[in-house]
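The structures come next, written out as structure tokens.
Each of the two complexes below includes subunit A, the first together with subunit B, the second together with subunit C.
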Partner chain A sequence: MTNDPLLSVRNLRVSLPTLTGPADVIRDLSFSVKSGETLGIVGESGCGKSMTALAVLGMLPEGAETQGQIAFSGHDNLLTMNDRELQRLRGNRMALIFQEPMSALNPVHTIGRQMMEPLTLHLKLSREDAFARAVELLDRVGLPFPEARMKQYPHQLSGGQRQRVLIAMALACDPDLLIADEPTTALDATVKNQILDLIAGLVAERNMALILISHDLAIVQKATRQMMVMYGGDVVERGPTADILAQPAHPYTIGLLGARPDPSKVLGLGGGKRPRLATIPGTVPDLQDLPAGCRFFGRCDRGDEQCGARPALTPALNDPAHLAACVHMAGTGASS
Partner chain B sequence: MIPRHGALILGGILILLIAGAALLSLVWTPHVATEISVSARFRPISWENWLGTDQYGRDIFSLLMVGAQSSMIVALLSVGAGGLLGIAAGLLASAYGNWIEELIMRLADFSFAFPALLFAIMLASIYGPSLTNAVVAIAFINLPFFARITRAAANSIWQRDYVTAARAAGHGRFYITRHHVLPNITAELVVQATIQFALAILIEAALSYLGIGIQPPTPSWGRMLAEAQTMLFRAPELAIYPGLAIVIAVLGFNLLGDGIRDITDPRLKRRRA
Partner chain C sequence: MTGVPLLDIRDVHKIYPLPRQKLLSAPEENHAVQGVSLTVQRGQTMGIVGESGSGKSTLARLAMALEKPSSGEVWFDGTNLTALSADAIRPLRPQFQMVFQDPFSSLNPRMQVASIIAEPLLRMKEISATERQDRVAEMVDAVGLRPGDLKKYPHEFSGGQRQRIAIARAIVTRPALVVADEPVSALDVSVQAQILNLFMDLQDRYGLAYFFISHDLGVVATLADHVMVMQRGKVVERGTVADIFRSPQQDYTKDLLAAAVV
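On to the complex of A and B.
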């Protein structure tokens, strides 16, 4: 195992065309992931977390403009590669697990046929070998009766079973990098934990790198060791998952953590009136009207004239591994 | 109440009737369809001539059977050719988008601007009337219909998650089109093809009626109508029989198309159940 990062994103900027001209959905994003590392990306809808995944896969919507560099496993910059070269990496060296297991399988083909597709495409396996490997994979992801499943159609499977199939498909070529975009959002709470355990187990077993994208802090806490919090196309906080969740430094992260419902209070177990859930005031800024400086300015209770310039990621709480982009971090400990 | 699959069954029966007659005419007709006999003119319905004879003494039932053959061949070839090219154009437009899609769709718009019959007449007047030219003209008329419906249907499939999943798995546009898009729009295309079949039969009849479709002595429904025109007061049934044949064929294909849509469209199925 080398110490070089497997995936390294440097100064990535992505802008999408809008009616009033291009808008930056990702502004100067840098991060890296090594083999065997797990990185969680957290944020509200529209903060740029899914765009980050699409940019890495080279699947940004048409008209998107990019700057910066995405180095991956010996390739200098994925952003300058053409579609054919990227196709050889996708599914093979890097794989994506989807949010919606209900619609990510083609209804007209059997599970077997869809399972065998990547195997015959990337690994050039024969039909018999591909079938055997597909059965093995389905068995590994904990799908009972894998051989019978191969002949079934997606509608004959439950949501959890389909997500297992999709995970098996993503693993088919033993990718180095697994990107899971809200992999458990569409699943029941009980199935959610099983799937999460499965992904975490597979990542450890195969020494893959995992990027887990979610708005659910609980699953990021469970499945990742590093995390970054995104807001309005910027990383606002980055560091070890446990540290950030224990001592958030950025006002947005603090708000996000504060907005988590406390089960004992919500259920009224502690007695007394049930409190309202905490919220972050205001809404996510419009893409066409993003603040020039700190993008959380306007919703932040600490905002002042210093926030007009874009804050850099600086060590928080004297911990060099834990970075946050806020000029007012001094009062961290005593916040709401 | 119409039974659940009423349209499908009735349409199927009508088409089987016409197609059966066309096939049978290849090996057997009650009389030789093109045989002219002065002594046998204007015979009424009898055991000898099931629908009587026309002004040249030809057996009308035999003429209708052979005419069905002409209609079916022209419709099959023209919808086949127009369909293949149109579907290919639509899939291409949908897969590549951008200026390719714009170009193909504007070309389709452009060809829609030409009245179908006028285009066929133009072709016939340049290259002379023949079966081939009729087929080419009708195929050309069919093409933009298929291109449009294919593109619209394919575009909706390209938005599906399983297509994004296939892209994330490293598949190219061609592979995705063949394995994901096409299988999921087949039902819609089959429905469209059946309806285009009805249209092709109508246009073929119109061309033959105008004398620029199938040439004599090969019998066709359109020309039977044209020939009956001069005898409209003396023997109106001569016009009624080929007219009925056209109605049956067109109605049959339209019902069949409706029926197929009903059984393949889950939304309609739910509403009826």
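On to the complex of A and C.
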């Protein structure tokens, strides 16, 4: 067990073609994850969180331009590797759990066939060994009657069961890095907790690194130790999950936390007018129309001429582990 | 608050037939709603919480008289809707309107925003063309759209803006009751907050009653007066927002509560 990061992203830039020329969906992103670490990436649609995952997996859409470096487990730069080499890593050393458990499974193939495919492909197991290992994996993710499930089709399982199958498939080759993109969004609240517990348990048991992408702060709080908040293709805040949620420093993070409907805020209030939720004015800017400096400029009540330059990540609240990219952080009052 | 409740649902059941498992086996049934009773008073909000399959959307369709209950009755403002034919219900529909979850599929992509919002008024013969235009203009302002948006098509808007259009269409007839089925579930957190505030503003302005359905207890707590928790077609818990949150009685409610809090 070395202390080197398993995944190290340096100065990553991703631009996509638009009608008015290329637009940076990620500009200058750097972060790293070690084995056994859990990193949450939080943000709203269009902030670049899923693009980050796709860049790491080498699955960016056609026409995407990249710069920078993604080093992973002894490989110098994934961005310069060809499809064949990447394919050998995907599903094998790194695995992805998608949001939508219905569309991620092939409806015309049995669970067994889909479970065995990575095992015969990457691990070169025989059919008998692959079958036994698949049953073992389905059992490990808590699916009852795993042998009978092998013969079933995806439509015969519930949403939670399908998500368990996808997790089992992602684990099939014992990956070093697990990327989960909104893994519980399509699931009910009670099932959500079971799936999160399952992922957290497996990550700890196998000393995997986990990148959990979600818009839902509650699940990031539950399943990750570190988090970063993205907005308009930039990381605007990063640090220990508990610290950021307790004392957010960036105006966007503060807005995001304030906008959450929180039952405790409305309790103890008598009749009369209901309190309104705090809102962030405006909407996420269009890709073709991103501000040049701070991307949150225009929706931020602290914005002024200093925001015209891109702010660097600097320590927030005198904590070297907790960084935020805002020139107006001093005296935020977030610590009151 | 005495008198006739605005919406009075009395012991409704809804049973859907399922296909036979085998050729000769008896057809099975899905008992989607099992004996639910509730009332909603004018200007009040009833929040319904539950997971998929709990019967909450079926209950919404029953409340809107889009389906007939298998047994039980749905009364709206002193009228038994269950006893009326579809033709007899139609003139009453302007008084209860619905907002759906998905702002992408609930708006006709070929219609301009002005026509979408005006459509429910076309059936109301007492409303003249000029009054129709005035009402549409008022609604656009009330839901926070711009007059310039009237000539646009749904695809030109974000999810939050589309939900504003859907809300404008629902309240343009000046209904007493709006049934909203997961109206903010497809939206980002910051947009969700804007739309929830809009629901509260419109309630203050027009005295609307809401029948508001969500899987998220936090969302329901923000705007409901009373909450009903549904599980597998039955009401497992009901009370004021404060009751439910201070001392949830059922494990199921506690689970939902745990999922809603950071």
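Assume the second predicted complex is superposed on the first by the 323 of 336 C-alpha atoms of A that agree within 3 Å, B and C clash if a C-alpha of one lies under 4 Å from a C-alpha of the other, contacts with A are read in each partner's own complex, and residues count from 1 in each chain.
The rule is short, and it goes like this: a contact is a pair of C-beta atoms (placed from the backbone, for glycine too) under 8 Å apart; a residue touches a chain by one contact, two chains touch by 3 or more.
Here the structure is a predicted model, which means the values were calculated and not measured.
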One more residue to check, A:106. First (subunit B), second (subunit C), both or neither? first
Looking at A:20 after the superposition, I want to know if it touches subunit B, subunit C, both of them or none. Which is it: first, second, both, neither? neither
Using the touch definition from the top, say if A:82 reaches subunit B (first), subunit C (second), both or neither. neither
Looking at the overlay, does A:190 come into contact with subunit B only (first), subunit C only (second), both, or neither? second
Contacts of A:318 with subunit B and subunit C, given as first, second, both or neither: neither
Spell out the residues on subunit A that touch subunit B in their complex, using ranges where they run on. 57, 59, 62, 83-84, 86-92, 95-96, 98, 100, 103-109, 117-118, 121-122, 166, 169
Spell out the residues on subunit B that touch subunit A in their complex, using ranges where they run on. 97-98, 160-162, 164-172, 175, 179-180, 183-184
What part of subunit C is in contact with subunit A in the complex they form? 51-52, 158, 160-161, 188-194, 196-197, 200-201, 204, 215-219, 221-223, 241-242, 245-246, 252, 255-262
Flag every residue of subunit A that touches subunit C in the complex, lowest number first. 44-45, 159, 188-193, 215, 217-218, 221, 245, 255-257, 259-264, 266-268, 273-274, 276-280, 283-284
